[in-house]
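Just below sit the structures, each encoded as C-alpha cells.
Each of the next two complexes has subunit A plus one more chain, namely subunit B in the first and subunit C in the second.
And then the complex of A and B:
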C-alpha cells in the first residue's frame, strides 16, 4: 500500500508538468516584471538600469495619480453601494421569501456574461442619441437630464462604475446568501421565540455571523476595483481626456501604445503590491474586530 | 411563548410588508435582466426601427438576417469557433494537470507535498497584469504570438491554482478504504487514480470545468494582447473589432453580442444549481 503511494516516478509524472507550467507562466513573470520595472526600456535591445526612477515618476505623474484615485473611487463605490445592496438582497432571499430560487437565478445572470459584452451593451444604453437611458428620461418627461453620459468628463467616471456595480451585485449576493444560509436554523428559532423582529435578528445575529463571507466579499470588491481593466478598456478606453483611466488601462497604453516597457512594468508591480497590501489590511481588520 | 410573540404581530402589516418585499425584488429583477432583453430586442431590429426613437419595444418584424450577417460578414462564426477551441482545450488541460497534481499532493506520500500546495495556492493571488508583458516577450521570442497556444498555455497556467484547490479538497474527502481495496485487487497507482478515484469526484470536475469555461470564454486582456490576426481571434476581441466595423449598425452588433452570450446563459440555465455552487466554491477558498 505505502510503496504504491510513495512511487517517486508516479509523483513526478503527476506533479512536474503542472509545476513547470505554473512556475513558468504565473510565478516567474512577477520577478521578470519587477526586473523590467527598474529599466528604461522600449522593448528593443537592452534597457538601461535606472533604479526606482519609474516608481518616483509614477508618484509624480498627475495622470498616474489620477488613475489610482479613480481605482480607489471604484473600490469605494463598490463597498458603499454594491455590497450593502447585495447584503440586503441576500438577507431577504435567505429568509425564505416566495420565489427565492427564481430571484437568485435572475440576479446572478449578469455575472456570467463577458465584460466585453456588458461594456458594449452599456455603451449602447448610454448612447446620447438613441440610448436606452436617454429614451427613458425623455419618456418620463425628464428630457433636460438626457446627455452624452460617456462623452463628457463630469459624468463619464460615474457612468463607467455603474455597469460593474450592476454586473457583480448578483455575485456578492450569492456569496452572502450562501453565508447566511449556512447559519444554523436553531439560532433563528431562538431569536423568534425571544420576540426579536426580523430587522433586529438581521443586525444582531445574521450579519455578525456572516463575517467570514463578508470579508471575502470585501476583499473581492476592493481587489476587483484595483484590477479593473476590461470594462474601462472597452467602454471608454480611459477617456474622455483620461477622465476614466484606471491603473491597468494606463499600464496597457504605456506598454503597448507608447512602448515604455519599464514604466508600464512599474505600474503593474504597483497593482500587485496594492492588491497584496489591501488583502492583508482587510484580513487584519477583521481579526482585531 | 411562541403564541404570544406571534399574537403581538398584527397580521395586516405583515401582509403589506410581504407585498412591498416582492415589489422590491421584482424591480431588482427587472433592473438586472431588462438590459439583456433590450439587447435581444435590438439584435432583431433594423436601423430605421432602432433610430426612430422606439428603441425599447419588441421588434416589429424579427430580423434574423442580422444574425446571418454577423456570423458570415462579421466573422463571428470564426471568432466563435476559436473561442470554443481555446476554451475546450484549456478546460481539458486544466482538468488533466490539476487532478493529477491535486491527487499527488493530497493522497500520496512525499516530503514537499505541503510546500508544493502552498506554492500553487499562492497563484490565486497573482493578478494577470503581472504576467502580461513578460509573457508577451516570451511568446514573441518563441514565435507563438498569433497562435492558439498563446492563449491556451496562459489560460491553463492561471486556471491551475483554483482547480488544484477545489479538486484537492474533494480528494481529501475520499475514504482511504477505496484505495486500499483497489491496491489489494492489484491496481497500480495509475489505475487506482484514473479508474477508481477520478470517477468519484465528478462533482468537483464539473465545478472546475464550469469555472474554467467562464474565465476562458470571457477573457480579454491576454486575448487582445497576444493575438492580432483575425484568423485566431476569440469572441471577446472579435466583438471589439466588429463594433469598429459596424459602428452604426446596432442590429448586427447586437446579434454578435447575443451569439457571444447565449452559450453561457444556456449552460447556466441548464446547470444553474451547479454553476452557483461552483462560484461559491471558487470564492470560499479557505
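And then the complex of A and C:
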C-alpha cells in the first residue's frame, strides 16, 4: 500500500476526479467569463467582439467605481473591525475561561445560519416602521435617533456592513481560537515563570505564534468583502440610489436586468483579479515582515 | 506499477463508456415509443411563476394540469413553479443555455421576451392555431398578441393599474376620494393631518414608484404623446413631462408617500396596505386577491378608482395604464411542437377564464355565459374601468429596451428622493434608447 501512495502516477489518478470537477465548476467558468467579457452580448444569439471596451467602460462608469469604492470600504471594515474583534474573542476563549465550549458554540451559530436568513432577520431589525432597533431607541427615550436605516443613503452602507461583520466574527474567531490552542503549553508556562502578565503573554507570545492563521483570516476576510453578494442583495438590493452597491450586485443587475452579459462578465473578471492580487499582496506582506 | 495504471485507466474508461451508452439508450427508447404507436406518452415540461400564497393561479394551474394529464394519457405535463424574480433569472439562464422547457411563462408585451423572439428561441405558433380558438378570444386580443404579424403566445389575463383607496381611512380623515389632482393634494393634506400615511410605495423594488410617475406622465401629456416619446426619446424633454416630474416631486414633498419607501419592498408594501397602514396604493389588479383575502384587515374596505385626472393635463380618465398580455410560450427546441401547441391553447383558455372567476386577472377570453356572481367588488370595478378604456399603454419597463427600463426606474427613484430637479430628470430621460417594439 505504501508503494501506491508514494507512486506519482497513482497519486495523479486519485487526484484526477476532484481535479476534473474543480476544473469544470471553477476554472472553465472563469475562462468562459473572460471570453464573454470581451463581447458585446445580450445573452442570446451571437455576441460581437469589442476587445477591452467593457473594461474601459467599467473604469469610466461612476456607478461601477462607486461600487468598487464600497467594496474597499467593506474590506477595510472587515480588517479593522471584524478581525480585531474575532482575535479578542479568540484570545479570551483560549485562555480557558469558564464555559469555553458554550461561548465557542454561541459565537459560531451565526456562521451556520444561511446568509439569506440573516439578511431577512436584520432587515426586520432595521425596519423603519416596526423594527427592533427603532422600537428600542424609542423606548429608551432616543426617538430622535430612530430612522429608516436601510432607506437613507447616509446610513444604508454602514447598516448593511454590520450583519456581515457580525456573521463572520464567529468564523474567524474559531480559526484563531484553534491557532491559539495549538500553541504548546510549555511556552505559556515558561512565560508564567518569567512573570509575564496575561496581556503581555498575548502580545509577545500568542499573537506572533498565530501569524500563519492570522494570514489565512486576513485573506478570507478581504476576499469575502470583495465578493459579498447575498447579504447586500437581500438587504437592500444595492439601493437606495446605489448607496450600497458592490461589484457583485452591479454584475447581477447588469446581466439579469439589462441583459448586458459582456459588461457583467467584465465586472466578474475584475472581481476575480482583484481577489487574486490582494491574496498575493497579503502573502508578500507576511513574508517580508 | 505501469500495469496497475493501465488496468485502472481501462476500467475507468470502460465504466464511463458504459454509463454514457446507458444514458443514450434510455433517451432514444423514450422518443421511439412516443413517436410510434402512441401507446407511450410524451412528456412536456412547463415552467411558470405562479406559486404565491394568495395568487389564485397558483391553485388553478396545478388543477388544470392535472385535469389535462388525466384526459390525455399520451401527453403528460410536468409542471415546475418558481417565484417571481427567481423565475426570471431561471428562465433567462436556461434560454441562453438552450435548455429551456417545452412550455414556459413569459412576461409579455415587450422587452422581456423580445430578444428571445428575435433570436429564434421561441416557437412561432400561428400554423397550429384554429379559427375556433381565435374566435373565443376577447375582442382586440388577437391583434394584441401579434409581434410583427406573427403569433408566439396566447393571452391569459389582462392587468390594468388603478388607484386603490382605503375608504375607512379616508372617512376617518374626512377626506374625499380624489378624482382630480387638486383633490388628491387635498386628500394628502387631510390624511397627513389625521396621522395617516397617505400613499404607500415599495420603492426598494423601484417599479412601484415607476407606476406612479408613468401614470402621472400619462395624465399630464396624454397617451399619444407618451407613445411618440417611446419612439423618439428626445421628446421626453418637453414641458409636459417636466410638469409630470414636478407633480411627482410635489407629491413627495407634500408627504404623500411613506417616509420608509426607499427601504420598503413591493411585498412589504402590499402587507402594509392590507394591514391598513396606508390610505392609497397605485397598483394593478393582481393585488385584488390579496386585499380580498380573509387574512387581510382591509377586506371589503377598499375601493378601486381611476387615477385622478389633471386640470391642466391632456390625459383623460379612460386612458389606461396596463393592458399588457402575459402568456405562455413554446421553446423552439421542443421535440413535440404540435402537442405543446395543443396544450398551450387548452391552458391559456382554461387559466384565462377560470382565473378571471377566481380573481387572478381581467379576462382575455370571451366570458359570455360565465357566472360572474362569485367575483369580488374590486374585480368587478376593475373590469368596469377596463370597459371604458379608449387606449392602453403597457408597463413602461416592458416597452423600453431592458437597459433603458433600468435607467428609467433608477431615475424615478432619484426623483422621488429629491436628488434631481424635474428638468434634470427629463434631460436624463431624453438619453434613453427608443423602443424596438411596434406600438
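Here is the rule we go by: the second predicted complex is superposed on the first by the 267 of 289 C-alpha atoms of A that agree within 3 Å, B and C clash if a C-alpha of one lies under 4 Å from a C-alpha of the other, contacts with A are read in each partner's own complex, and residues count from 1 in each chain.
In the analysis below, contacts are C-beta pairs under 8 Å (C-beta built on N, C-alpha and C of every residue); 3 or more make two chains touch, one makes a residue touch a chain.
Being a predicted model, the structure only gives us computed values, none of them experimental.
Enquirer: Looking at the combined model built on subunit A, do subunit B and subunit C fit side by side or clash?
Expert: clash
Enquirer: In the superposed arrangement, does A:208 touch subunit B (first), subunit C (second), both or neither?
Expert: neither
Enquirer: Is the number of subunit A residues in contact higher for subunit B or for subunit C?
Expert: After superposition, B is the partner touching more of subunit A.
Enquirer: Just subunit B (first), just subunit C (second), both, or neither: which does A:13 touch?
Expert: A:13 sits against subunit B and subunit C alike.
Enquirer: Once the structures are superposed on A, label A:256 by its partner contacts, choosing first (subunit B), second (subunit C), both or neither.
Expert: both
Enquirer: Output check: A:22 vs subunit B and subunit C. Expected answer is one of first, second, both, neither. What do you get?
Expert: In the superposition, A:22 touches subunit B alone.
Enquirer: I'd like to know which partner A:84 touches here: subunit B for first, subunit C for second, both or neither.
Expert: In the superposition, A:84 contacts neither subunit B nor subunit C.
Enquirer: Once chain A of both complexes is superposed, is A:113 in touch with subunit B (first), subunit C (second), both, or neither?
Expert: It touches subunit B, and subunit C stays clear.
Enquirer: Where does A:105 make contact in the superposed view: on subunit B (first), on subunit C (second), on both, or on neither?
Expert: The first partner, subunit B, only.
Enquirer: Kindly point out the stretch of subunit C, out of 81-89, 153-161 or 279-287, that overlaps with subunit B after superposition on chain A.
Expert: Only 81-89 shows clashing C-alpha atoms.
Enquirer: Just to be sure I follow: which residues of subunit A are touched by subunit B in one complex and then by subunit C in the other one?
Expert: Residues 4, 7, 10, 13, 43, 129, 256, 261, which sit in both footprints.
Enquirer: For the complex, which residues does subunit B have touching subunit A?
Expert: 1-2, 5, 8, 18, 21-22, 24-25, 28-29, 31-33, 35-36, 38-39, 42, 50-51, 53, 55-56, 97-98, 100-101, 103-105, 107-110, 116, 119-120, 122-123, 125-127, 129-135, 137, 153-154, 156-158, 160-161, 164, 179-180, 183, 188-190, 192, 214, 217-218, 220-221, 224-225, 235-236, 239-240, 243, 250, 253-254, 257, 260-261, 264-265, 268-269, 272, 275-276, 279-280, 283-284
Enquirer: In their shared complex, at which residues does subunit A touch subunit C?
Expert: On the subunit A side, the touching residues are 3-4, 7, 9-10, 13, 42-45, 123, 126-129, 148-153, 156, 236-237, 239-242, 253, 256-261.
Enquirer: Going by the contact rule set out above, which residues of subunit A touch subunit B in the complex?
Expert: Subunit A residues touching subunit B: 1-2, 4-8, 10-11, 13-15, 17-19, 21-22, 24-30, 32-33, 36, 43, 89, 92-93, 97-99, 103-117, 120-122, 124-125, 129-132, 135-136, 166, 169-171, 174-175, 178, 192-193, 195, 213, 216, 220, 223, 227, 229-230, 233-234, 248, 251-252, 255-256, 261, 264-265, 268-269, 271-272, 275-276, 279.
Enquirer: Once bound in the complex, which stretches of subunit C touch subunit A?
Expert: 1, 4-5, 8-9, 88-89, 92, 95-96, 115-116, 118-119, 121, 203-206, 258-264, 272, 277, 402-403, 405-406, 410, 413-414, 417, 419
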